[in-house]
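Letters A, B and C name the chains as they come in the text, with residue numbers starting at 1 for each one.
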Amino acid sequence: MENIQVIENLKSLLVEYTSNTETQIANNLTMIFQSFQNKSLKEDIDNYAEFVLLGASLFELKAKRLLPQDEEVDWLDEVELIKDKDLAFARLLQFKAFTEVGLALAIKVKQTEREVPAFKYYQTSSLSVKPEIRYNIDITKFTETANEVFSRYKTIQGFSHIDKELPDLQVAIDDLLKLVDKRLNTTFEELVSSVNSSQEAVAFFLALLEAVRWGFIKAEQTNVNKEIIIEKNYE
Amino acid sequence: MNSKKVISAVLLVSDGPVEHEYFEKLLTINNSELINLIDEINANFENADIGFFIKYNNFKSDIVTKSEISDLLGDVKPPAILRGLSTPALETLAIIAYEQPVTKMKISEIRGVESESSIKTLESRGLIEKGGELDVPGNPILYTTTELFLQKLDLSSISNLPTIGEYFNKAEEE
Amino acid sequence: MNSKKVISAVLLVSDGPVEHEYFEKLLTINNSELINLIDEINANFENADIGFFIKYNNFKSDIVTKSEISDLLGDVKPPAILRGLSTPALETLAIIAYEQPVTKMKISEIRGVESESSIKTLESRGLIEKGGELDVPGNPILYTTTELFLQKLDLSSISNLPTIGEYFNKAEEE
């Protein structure tokens, strides 16, 4: 929610830039940096260098504004350019947020699936009164589904290629954490030495990136030619 | 490892009875130890007035409701089997309807995802049933649609199913 | 009527959670009496080292296995719904969850890439479904998340989804 607010502030600043007085611009900037102070937002921003870039663009704009200027038209072009940049940043921010939200949802689903519900449906046979069947099948929906499932099979042979070839990131993360846990201090080269296929190595590498991003482990490479040192993050 | 926990939980989520051998291997116990554990669980259920127990014979066991439950419920229906069909279930149903008799493996192949739980759901709703076995090694079960399925779609026979897209040759002529 | 027997047996055979209202009417008890009975059953299970319990919230209950023995359930456990899903599919799921009802075009716009195959994968897993059409020329299909999605996230309604900001606060703490 706060993200949207900040983006809105930025937008209004940019859109109104040309007509605003210096005081108004200063006020707008203060407002933005105040919202940056918000605790949760600050943590967000730590993840998103884009905000820094956006801020830098604003300073750039402000610096230019302070210089002697010839004509107002240049400024409009400049503003248009930055408005596009703003939109691009906003979109990137939104996309990155959804990637992480998706992973968070996946982790929650995985936790919930550890509790498997009972459904001994065949046990209803010992009940003298059977559970009522109250649903109906809509013939249109049935036909549509049939069409879709068969045409999907015909065109792309189902999704077996996806299931088989793409690594399951969550499994890879779990495996990785288990290994790191066991060895405490290890190297990436050592971790991947046990994998059997290039797909598994890719999965491990992606898992490593995710685990570092989530702060579970630390990865360090002191020199390009040196090994990547992996250790558990105790911070 | 707590054996009673494992036995009770596995029986709760298993689709049908579980063979004694499975538990004996999993828990590295012998047959009489397994039977003792099951008896112990049943005594716990009995003392706590639980409405189900572990029924077993020489080979396998399963959790079943006590027979008096029927009397206790009277003519009240348990609130099961009331929900509509999800997309995975509907997809699975469509495949069985058009490809029947068909194996679980073929269904999963067409859908591109594992379809075990959808098959279980459809079977429990009485829309499909086991209709024999395929005569190949392993004898996989063949699934067919039921009379109830025809009723629900208001069809007199499977041959009256709507033709679909380009999948079937006869559809191409239309 | 023995209430503990009825509650445990009905939960065993029911497809999905049972609403408190059903038991309250059937057993002519009030809500706190029902919760007391469920707690009593759970205490019995706990004392007897049973691997499952009755999970409940303000509205409904269901028998589920204890999460700590999940790894011991092996093959009897149903396959994970997210098995094999890639991060693009998860992104798409997150977008639909938070932007629903949403068109395919809007999803692709947010992601910056074509999202057809992710949508189909999620649909075939039953996590999303078509939920109507947008009232503009061309009538694009609107996608929403399903009841199964809510169940898998242990939520009673979409309005209970955490705000997006909450994910980042949590991630920082871990």
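The rule is short, and it goes like this: a residue touches a chain if its C-beta (ideal position, glycine included) is under 8 Å from a C-beta of that chain, and two chains touch if they have at least 3 such contacts.
What you see is a predicted model; the values in this text were computed from it and never measured.
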item: Closest chain to the centre of mass proxy, which here is the mean CA position; value: C
item: Identity of the chain that, by mean CA position, is farthest from chain B; value: A
item: Cα-centroid distance, chain A relative to chain B, in whole angstrom; value: 38
item: Inter-centroid spacing, chain C versus chain B (mean Cα positions, whole Å); value: 21
item: Sites on chain A at which at least two other chains make contact; value: 116-121, 123-124, 127, 131, 149, 152, 159, 162-163
item: Touching two or more other chains - residues of chain B; value: 9, 12-13, 63, 65, 69, 73, 76, 78-83, 87, 91, 111-113, 124
item: Residues of chain A defined as touching chain C within the complex; value: 1-3, 40-41, 43-44, 46-47, 91, 94-95, 97-106, 108-121, 123-124, 127, 131, 149, 152, 156, 159, 162-164, 166-170, 214-216
item: Interface residues, chain B side, partner chain C - complex; value: 1-2, 4-10, 12-15, 18, 26, 41, 44-45, 47-52, 63, 65-66, 68-69, 72-73, 76, 78-83, 86-89, 91, 111-114, 116-117, 121, 124
item: Chain B-touching residues of chain A, taken from the complex the two chains share; value: 116-124, 126-137, 139, 141-143, 145-154, 157-160, 162-163
item: Of all residues in chain B, those that touch chain A in their complex; value: 9, 12-13, 16, 62-65, 67, 69-70, 73-85, 87, 90-91, 93-95, 97-98, 109-113, 120, 123-126, 148-149, 152-154, 162, 164-167
